[in-house]
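Would you mind keeping the following structure in view while I ask a few things?
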Amino acid sequence: MVLDWLLGMIVLLVKLGLILGALLFGAAYLVWAERKFLARLQIRLGPNRAGKFGLLQPIADAMKMLTKEDLVPDGADTFVFKLAPVVVAVTAMLMFAVVPVAPDLVLFGRSIPMVIADLNVGLLFIFALSSLGVYGVALGGWASNSKFALLGGIRGAAQMISYELALGLSLVPVVMLAGSMSLTEIVAAQERVPFIILQPISFAIFVISAMAESKRIPFDLPEAENELGAGFHTEYSGMRFGLFFIGEYVHIQVLGALTAVFFLGGWRGPLLPPVIWLVLKIIFVALIMIWIRGTLPRLRYDQLMALGWKVLIPAALVNIVLTGVLILLV
Amino acid sequence: MTQDPSQLKGKSLPPPRETSGAEALKALVTGFATTLKHLGRRPITEQYPEEKRELPARSRARIILTRDPDGAERCVACYLCSAVCPVSCISMQSIEGQGGRRMAAWFRINFGRCIYCGLCEEACPTSAIQLTPDYEHCQRAILKSVYEKEDLLVDHCGKDPDYNFYRHAGVATEGLDKGRHEKEAPPVNVRSNMP
Amino acid sequence: MPTLTIDNRPVTVPDGTKVITAAEQLGIMIPRFCYHPALGSVGACRVCAVGFKEGPIKGVEMSCMVDAQEGMVVATDDPDAVDLRKHVIELLMLHHPHDCPVCDEGGHCLLQDMTISGGHGRRRYAGAKRTHLDQDLGPLVQHEMNRCIQCYRCSRFYQQFCGYRDLGVTGIGTRVYFGRSEPGTLESPFSGNLTDICPTGVYTDKPSRFYGRRWDYERAPSVCIHCSLGCSLTVSARYRKAVRHEARFNAQVNGHFICDRGRYAYAYASQPERPRDALIAGRPATLAQAATQMSERLAAIEKGTGPDGIALMGSARSSLETQALLARLHSEKGWRTPCFSADDAATRVVSSALNTLNATNTIALTEIEGADTVLLVGADPIGEAPMLALALRQAQRDGSRIITVDPRPVTLPCAHDHIAVSGDDLATAVAHLIIGALEPSREIALDADQQDRFKTLKQETRDIPAAAELRAIGHALTTAWRPAFVCGTTVPDPDVPPLMGLLQALVQTSCMWSGLFFPLPGANTFGAHCLGGSDALFEPLLAAVEAGQVKALVVVENDLFSEYPDQQRLAAALESLELLVVMDCVPSAITARADIFLPTQTIYEAGGHYLNNEGRLQVATPVIAGGLSIMDTGGGNHPPREFREDIPGGTPRPAWQYVAGLATGETDPPDVKPLLDEALTAGVADGERVSLPSASREWPSIERIGAGPEGDAGGLTLIESAATFGSEPLAAFSTVLAELTPLFGVTVHSETAQRLGWRAGDRIVIPDSAPALEVVVTLDDRAAPGVLLVPRRIGIDRTALRRYMAHLLAE
Amino acid sequence: MYPQVLFQHRKPDRINTFAEYREQGGYSALSDVIAGADPAAVIATIDDAQLLGRGGAGFPAGRKLMTVAQDAPHPRYLICNADEMEPGTFKDRVLLHADPHLLIEGMAIVAYTVRARHGIIFIRPEYENAARILEREIRLAREAGFLGEKIHDSDFSFEIVVHRSGGRYICGEVTALISALEGCRPNPRKAPPYPTDKGLWQQPTVLNNVETLAYVPLIVRHGAQWFRDLALTESAAGTKLFSISGHVNKPGCYEVPLGVPLSEMIENCCGGMRDGRPFKGCLPGGASTGFLSAEHYHIPMDYESLKAVGNRLGTGAVMVFDDTTCMVAATLNLTNFFARESCGWCTPCREGFPYLKDLLYRLENGMADGDWIGQVETLCGHLYKAYCAFAPGGVAPIESLLANFGEEVQAHIDLGGCPMQRQ
Amino acid sequence: MLRPRGAFFERTIEPLELHVSEALIEKLKNEIAAVEHPRELAVDVMMALQDHHGYLSDAARDQAAELLGMSALEVDELATFYTFIFREPVGRYVIHVCDSLICWMAGEENIVDHLRQQLQIDFGQTTADGLFTLLPVCCIGYCDRAPAILVNRRVHGPLTNSRLDELLQKYRAEAAEKPGSNV
C-alpha cells in the first residue's frame, strides 16, 4: 500500500513537473509566437534579434524581468501588492490540473490517468479558479495606490463578473450532453462527435467569454494602454510584472485546452498521439485569439457590458433551453 | 407655424446609424480577411543597423550651428532658441566678437534633454541653428551628450545656403559699415547742405 | 474732477489729466512712444490714437494730447484709431533695421511689443532703408541710431528734464539725428536713464551689453545704497552676477529715474578681487573655523578684560538688520556701544541734523520738485546725492528759485544763485538768513522773549562779506509759498542744521508748505542714528584702543581708513589690538589687517532694510543666492562641465548672521520693524517714513555763531567732499565709473591760488605720499576764498594730503 | 480794370517812397488812431470789415485781435509773417517791393490796438532785398516819429525789427515761427495755449500775414463798408493779391477783388493761357490746396466758393496747368517739396511724405503695383492725423489728384508709366 | 567698442583758426548784449559767421555757441535745420536751383542739366576750382520769373541756357578779378 502510495506520488510529481514545465515553456513561447504572428499580420518582422527568428527572445525577456528592479510604489499595500501577481499566475496554472491531456496510460499494468486530478466536479473547479484569478487583478490594481491601476482593477472585476455568467451558461449544454462535470468524462462523451458540431452557439459564446475572461483584445479594458497606462499592472515591474504576464499566457493555454476539451474533442484525433492533438488544438485556439487581436479594435466599456449582459447571457440561456428540448426530444 | 423647440436649440446630432447583422458580419469578415492577407505579404520592416535609410532633409535630429556663406559663425547668441526651448536644453553666453559682431562666447546644447522638437530652428533669426537628419549620436556617458559650440559648429550653411544675417541687419560690423547692407541707403549726413 | 468713460468703464481724474493717463488708471495701457509720464506729452509719435465717441471732441485724436473732460466717451479699440496706430507702426518700421537678434533692447523693447501687437509683419515699402552713423557716447551708453523712431524722448529728457546740453536732435525731416555734436562721453550724470527711456534700442546699457535678455534675468526690487537718498532700483542678475540696475518708479523718492552712480555701481559685487573666503591671520579657513575662533577668542578677551575690552564698529552702508544686531550685541553682552562711522565730524553734524528733523518738517525728494524756493546750505547735490540735483532741476523748470550757500563752487544742471561762504562761516550765513527773515518785514510775530533773543542774535552775529545778500535772501524766503531747505551734513559744522531747522520753523508760519532735507553721508546713516549709533564717536574708541583698554575690535562692513583722516595713527592703533575681526564684502585697507576675516554677502545676495535720508524704511529683496558667476568658474570658453554639490565662491553669509552668531545664535534675519519701534515712538511700514518726534520750537544756542572761525581768519581750510564718481566706497570699485572719474585735483579761488603761487593746471606732487599722489590745480572763482577743495577719493593718502596742507598753512 | 487798393500806388521798378506815401495820405490812419481812438473800436472796424487772414488759413483778423485779453500780461508782441514759402506764392514780396509803408503803418495800428510794444517782421532769407527795403523804410518811419518811443507823444511805443529766417517752409507755421524767433528748433507746438495767450517768450502774441496787415490802414482810413464792397461776391470782403504763375502768358501778382472768376482772372490779367492751349487745371492757393480741374474754370475765386468745392483759397497762389502737364508728375514734384520740408516731428508726416513720394515716383515711372490707389488713399487718410496743418495741406494735391484726375492716374497704372512721355 | 565710422565724423575739421574780424565779433557781442534772450539771434550770428567763412565750420559753430551762451550741440540743432546755413564747405558761389512746381514746369530740369554739364558737378557738389556749389532749393518765391535760381541768395530769372552761360561767365570773371573774397 505504501509502495502504491509512493508510486502514486512519484507519478503525480512527474505529471506535475511535466505539466508545469510545459505550461511555462508554452507561456514563454506563446509570447514569442504572439509577437511574431502579430507582426506578420501587421506586415512587420517581429522579434528577430535574440537568436534565429528571435527564438531566444523569451529567455532574454525572462532574464530582463528577473534582473529588473522590483518597485513597490509609495503608499501601496505591500503585502497585497506582492500577493496579487502570484494569485493571477497560480490560479491560471491550477486550472490545468483537471484537464485530461491524453487517455489513461497503461504502464506495467497500472493505469495512469493522464490528468493530474480527475475531479468529478472539474468544471466547477475551473469556474472557481477562474473567479479567484480576478482577485489578482482587482487586488493588484487596488494595492498599487494608483488611479490608473485602481480603474484597471475595477474594470477587471466588473468584466469578470459579467462574463463569468455567460461562460458558465455556455458550458451547461456541454454538461447536459456529457452528463458529467468531469472533464475526462466530457472528453469521453465526444468520442463520436465533438461538441462544436452539436453546440456551435455554445462554442461561440464560450470562446467570446473566454477571451473576455483572459482580458485580451478586444476585451482588454482593464489594461487599455491609451486610457490607463497599463491598467491594473501599471505600477508593477520586474518579475512581478512577469508573473502577471505568465498568468495571462498560461490562461490562454488553459483556455485553449478547455476549448479543446469542451468542444473539440479534447485529445482525440486521428494518427497523431493524443497529447500532440491537444497541443495542436491549444495552438490553434491561441492563434485564432492572436488573429482576433490583430484584427479587432477594443470595445468601448458600455459595448463590453452590453455584449455580455444583453447578448451572450440571453443567448446562452436560450441555448440551454433549446438543448434541453432537443435532448428530451431525441 | 410652430417650431419644434428642440430645433431652436440648434442642430442636434443625427441618430446613430443602425448596423444590420449582415453588415456587421461583412465588416468582421472583411477585417479578418485583411489581416489574413497581410500574413502572406513580405514584411516592410527595415533592419536598422544593417539597412540605413537616408532621411529627408527636414527630419529633425542632431542640431548643428551653421556658418554664413562667408564662412563666419551665423549664431549671434540672441537667446531666442534658449527662450523657446521647451526643455531648456540650450544655454549660451553672448559677447562682442571680432569687428563688433555679436556672437556666442559659449553655446551649449544638452542632448540628454533635447526632444528634437525643432522650435529652436524655427525661432532662429539667422538660420544658424538647424536640425539635421543625423540621428546617430547616442552617448554612453550622459555628460558626453552635452555638446559645446565647437561640437555643434559645422563649416557649411546647412539648409539655407544664401542667408547672411549681417548683410541685412543694418548694424555696422567690421568690413560692412552702415549703409552698405542690402536695401540700405548711404548713411544720412545731418550736416549736409542738401535741403 | 471730470468723469469720462474709457472702453465702457467710467473713471474720474483730476483736472488737466490727459486721456492716456486716465486710461492708465483703469489699467488700460494705450500704446505710446513719445509720451512718458515724467516728460509729458508732445504728440510726436501719433501712436496713442483713440476714438472719441461722445463729448467735446469727436473722432480719432491722440490720447496724450487731449485733456480728460466731463462726458467724454473714449474707445481705445475704435477701428479707425486701431488702423491709424497700425499704420503709424508700419511707418515707424519702414526704416527700422533688421537687427533685433543683436539688439540689447530685444525682449524688453516697446517698439517690438507694439509692432507685434499692432500686427505689422511685412514691409510694403520697397525703397531703401535710411541709415545713420553712430557715436561713441562714452562708457555707459551705447548708441545705435539706425533703430531710432524719432520719439524725441532722449532729447527731451536730456535737455529739458536733466538740464544738460550736449545731446539733442540735429537735422530735419527724415534726417533728424539724436546724438551729440561730436562723438564723446555724455556729460550728464543721469545719462544712463536714456537706456530706460528710449522705447527701442538706440541707447542701450553699455556695461551689460550683450550679457543677456530680460527674460533670462533674475530680477528683484532693490534699493540703491550708493548715497543716502535710497532710490528704488530693479536689479537684474544672471548666472549669479548682478549685471544691471534699472530705475524703479517710486513716487516719493526718485520718480522714474536714477543717477549713473547708482546705475553702474554694481560691479563691486562680482569683482574678481572680492574676498569670498574666511581668513584666519591671512590664511584661508573654513567659515566654521573662522566663526568658532572668533567667538572663542572674543570670549577669552572678554574673560580677561571684561565686556569693555571689546568694541564694535558698524557702518552706514550695512542693512538695518546688521546694525540692529550690533546694537543688540551691545545691549546683551555689554560690549562697547557700536560706532557706525569713523568720521566724527560728520557724525556730529548728522546727529544734530537728525535731531532737528521732526514729524512735520521732513520732506521727501519728490516734494522738493514742487518747491518754489530751495535754499541749499553746505550741500553739493551732484556729488553728494545726484538725484537731488534732478529734483532741483524740476523745481527750477517750474519757476523755482534755487540758492546755494556753500564754500564749494556748486554746479547744478539748472540756473541757481550761488553765494560762496567759507566752511566755518556757514552757521553765520544761516544766522544772517534768519536775521533777514525776521528783520525788515516783521511778517513773523515774535514774543518778548524771542525779541530779546533776536536782538542778541543780531548783535552777536559776525559780519561776513555776503551778509547783505544773505539777509535779502532771508527776507525773500518769507514771501515764498513753498520753500524747501536743504542742508548738507559733511561740510557744515553741527550748528548749521539746527539753525536751518529754526529758519524753516520761522518761515513755516508765513508759507503754505516748507520742509527740511538733509542729504546724509551714508546709505543707512539714518538707520545707525535710529539705533542709537550716532552718539558713539570714534575718537574715544580709538583712544581706548591706544590706551589698551580695548583689546578686540569687530569691524563690520566698514573701511575705517577711508573715513578716518589720520591713517597712520589708525594703523598703529589697530596694530596694538589683540584681535581685529573684519567682516566685509569688498577688499579694503582694513581687510588686509584682519586677524579674522569673514566674507559677507552684498545687498544682491542678502537683501535687507534701509532707512533713507528722510527716514523712509525700504526693503531690498535678494536677487541671487551668491557664489561666483558661472562665467568665472569654468575658465576659458565654457562654463564648467562637471557637476558639484556646492556653489563655488558661495561661502559669504549676510553680515547680520555673523553678528547674530555672536549675540544670540539666531538664524533668521531679525525683523527690523519691532527694533525700530523700540528705538522710536511708533511703528513703521515698508516705504513709509519712521515716526519722528513732534515739532518743538526751541531757539538753539547762538554763542558759537558770533565766535567766528576757530582758526586763523586768513588760513586755509581743506574740504574733502563727495564727488559724483569715485567717492562712494562701493561704487568706486566699478571700472566703468572709474573711466568717468576725473583726475584727482584741488579747486581753489584764484585769489587763494595767487597767494599760494598756483596756476590752473599745475600738478602738485604731494611729498611722502603712498601711493604717490599728484594733484591737479583747478581755479574756480565761485569757490570761497581760502578753501582748498578736493574730492573724497577712496585709496588716496589722505594723511599726506593733510600734512601738506598743514605745511602750506605754516608757510 | 479792377479797383486797385494795395497796388494803387504800385510803380513798375521801385517802391512807393515814404514821401510819396505820406502825400497819398499815408500814416494818417495811424495818427488818427493814436490821437484818441479806442483800440476796441479799431478792432471792431477791422472785424466789421470781415478781413480774413491772407496767409492761407483765412482766420478773421478782427477776431484774432479780440482774443488778446484786456488784462493779458505785458510785453505783448506783434509778428508779421513774411516767411512766404508756399510754392507758387510771391504776393508778399511784390507787396513789400511795391508799398512797404502799408505794412509798417498796418503793424503800428494793430500794435496799438493790442498794446504790443514789439513788432517783428519774420522774413525768409530769399527776400533779402525786401528785408533791406523794410529796414530802411522802418528807419525812415521812426525818424518821422511814426515808430519808436512815445509815438506822437502818446503813451504808445512801438518798435519793429526785421528777423531773417534760416529758411524752412515750416517756419511759416505760427507756432514754429515763434519757436524759430526764440532761437529754438522750429517744430510746431500744439495749441492751446494759443499764441494770443502764450506766444513768443510765453507772452501774448499776435501774428498776421503781410497782406493782412497791409489792408489795416486802408480799412481804418476808408471804413469797413468800403472794404466789404470791394469784393464781387456777397460772402467775401475786399480784394486779394493773387500770384498767378504757370502756363499763362503773363504770370505775376495781381490785385483782384474776391469773387472774380478764375477764367476772368486768367484771361484779363494774365493774357490768357500760354500758346492758347486749353486749361487743364490749377492749384488755387499754393501747394497745400487741391487741384481744380477744367470744370472749375469759371469758379469765383473767394473763400466760400472754393470751400464749396472742397478746396481752399490758401495764399491765392494760382498755378495754372495746360494740357501738356502730367498731373502725376506735378503732384510728385509737390510731394517732394513736402517730404523735404517736413520738420521731422511727427511720424505720419516725417515718414509718410517720403513714402508717398516713393509711391508717386513709382507711378510716374511705371512701377506702381495693383493696390497703388488703396495704399495712397490710406496713407493720405492717416496724414490728416499728423501734428500740425503741414501734412493735411501736403496731402491736398494728392487727394485731389485721385479725385479730379483719377483717369490720368489709372492711365499711369494701366500703361505702366506716364502717358505724356509716350506721346 | 564700436567706433563711429564714416564721412561726417571722420572728416578732418580745419583747426580753430578764425579769420573773423574783431570788429564783427564786437558787433555781434553788442547785438547779443542788447537783446534779452541771446538765443533769438542764433540765426543772425550763424549767418554772420557763415558769411565770413562761406560755411558754418565746426570752429565757427563753437564760436557762435560761445557768443550766444549755447552749447555747440544747441547751435548744431539749429544750424542743421535751416536751408541757408551750410555745415559743409561750399564754393564761392552757391547756386540754388529752384526745383518746385512752377520752375519745374518752366524747365528747371534743363537748367540743371545745363549746369551739370557746364560745371561738371552734381547737386551737393562743389566745382574743382572751388567756385560753384550746386544745390536744389524749394520754391524761392519768384514763380513769375521761372525758372529762377539764386546765386549767393541773389535771384536770377527767368533763365535760358544762354543767360545761364552769361551768368557763369560773369561770376567767373568776378572771381578772377577779386580773388579770395566772396562777400
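Letters A, B, C, D and E mark the chains in the order given here, with residues in each chain numbered from 1 onward.
The criterion applied here is as follows: contacts are C-beta pairs under 8 Å (C-beta built on N, C-alpha and C of every residue); 3 or more make two chains touch, one makes a residue touch a chain.
Here the structure is a predicted model, which is why all the values come from computation and not from measurement.
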| item | value |
| --- | --- |
| Given chain A and chain D, the chains that contact each of them | none |
| Chain whose Cα mean lies nearest the overall Cα mean | C |
| Between D-E and A-B, the pair joined by more C-beta contacts | D-E |
| Inter-chain centre distance, chain C versus chain D - centres from mean C-alpha coordinates, in Å | 55 |
| Intercentroid distance (Cα basis), chain C paired with chain A, Å | 85 |
| Distance between chain centroids, defined by C-alpha means - chain B, chain C (Å) | 49 |
| Inter-centroid spacing, chain D versus chain B (mean Cα positions, whole Å) | 63 |
| Residues of chain E touching at least two other chains | 2, 5-6, 8, 70, 77, 80-81, 83, 138 |
| Contacts with 2+ other chains: residues of chain A | none |
| Where chain B touches two or more other chains at once, by residue number | 172, 178-179, 187, 189-192, 195 |
| Chains grouped in pairs wherever the two touch, ordered by label | A-B, B-C, B-E, C-D, C-E, D-E |
| Partner chain C, residues of chain B touching it in the complex | 76-80, 82-83, 91, 93-96, 101-102, 105-106, 108, 125-126, 143, 146, 148-149, 165, 168-172, 178-179, 181, 183-192 |
| Touch list for chain E against partner chain C, complex | 1-6, 8-9, 58, 61, 70-77, 79-81 |
| Touching residues (chain side chain A, partner chain B) in the complex | 39-45, 291, 294-296 |
| Contact set on chain D toward chain C in their complex | 168, 185, 190, 339-348, 350-352, 354-355, 358, 362, 375, 378-379, 382, 385-387 |
| Chain B partner contacts - residues on chain E that touch it in the complex | 2, 5-8, 55, 80, 83, 86-88, 90, 123-124, 133, 135-138 |
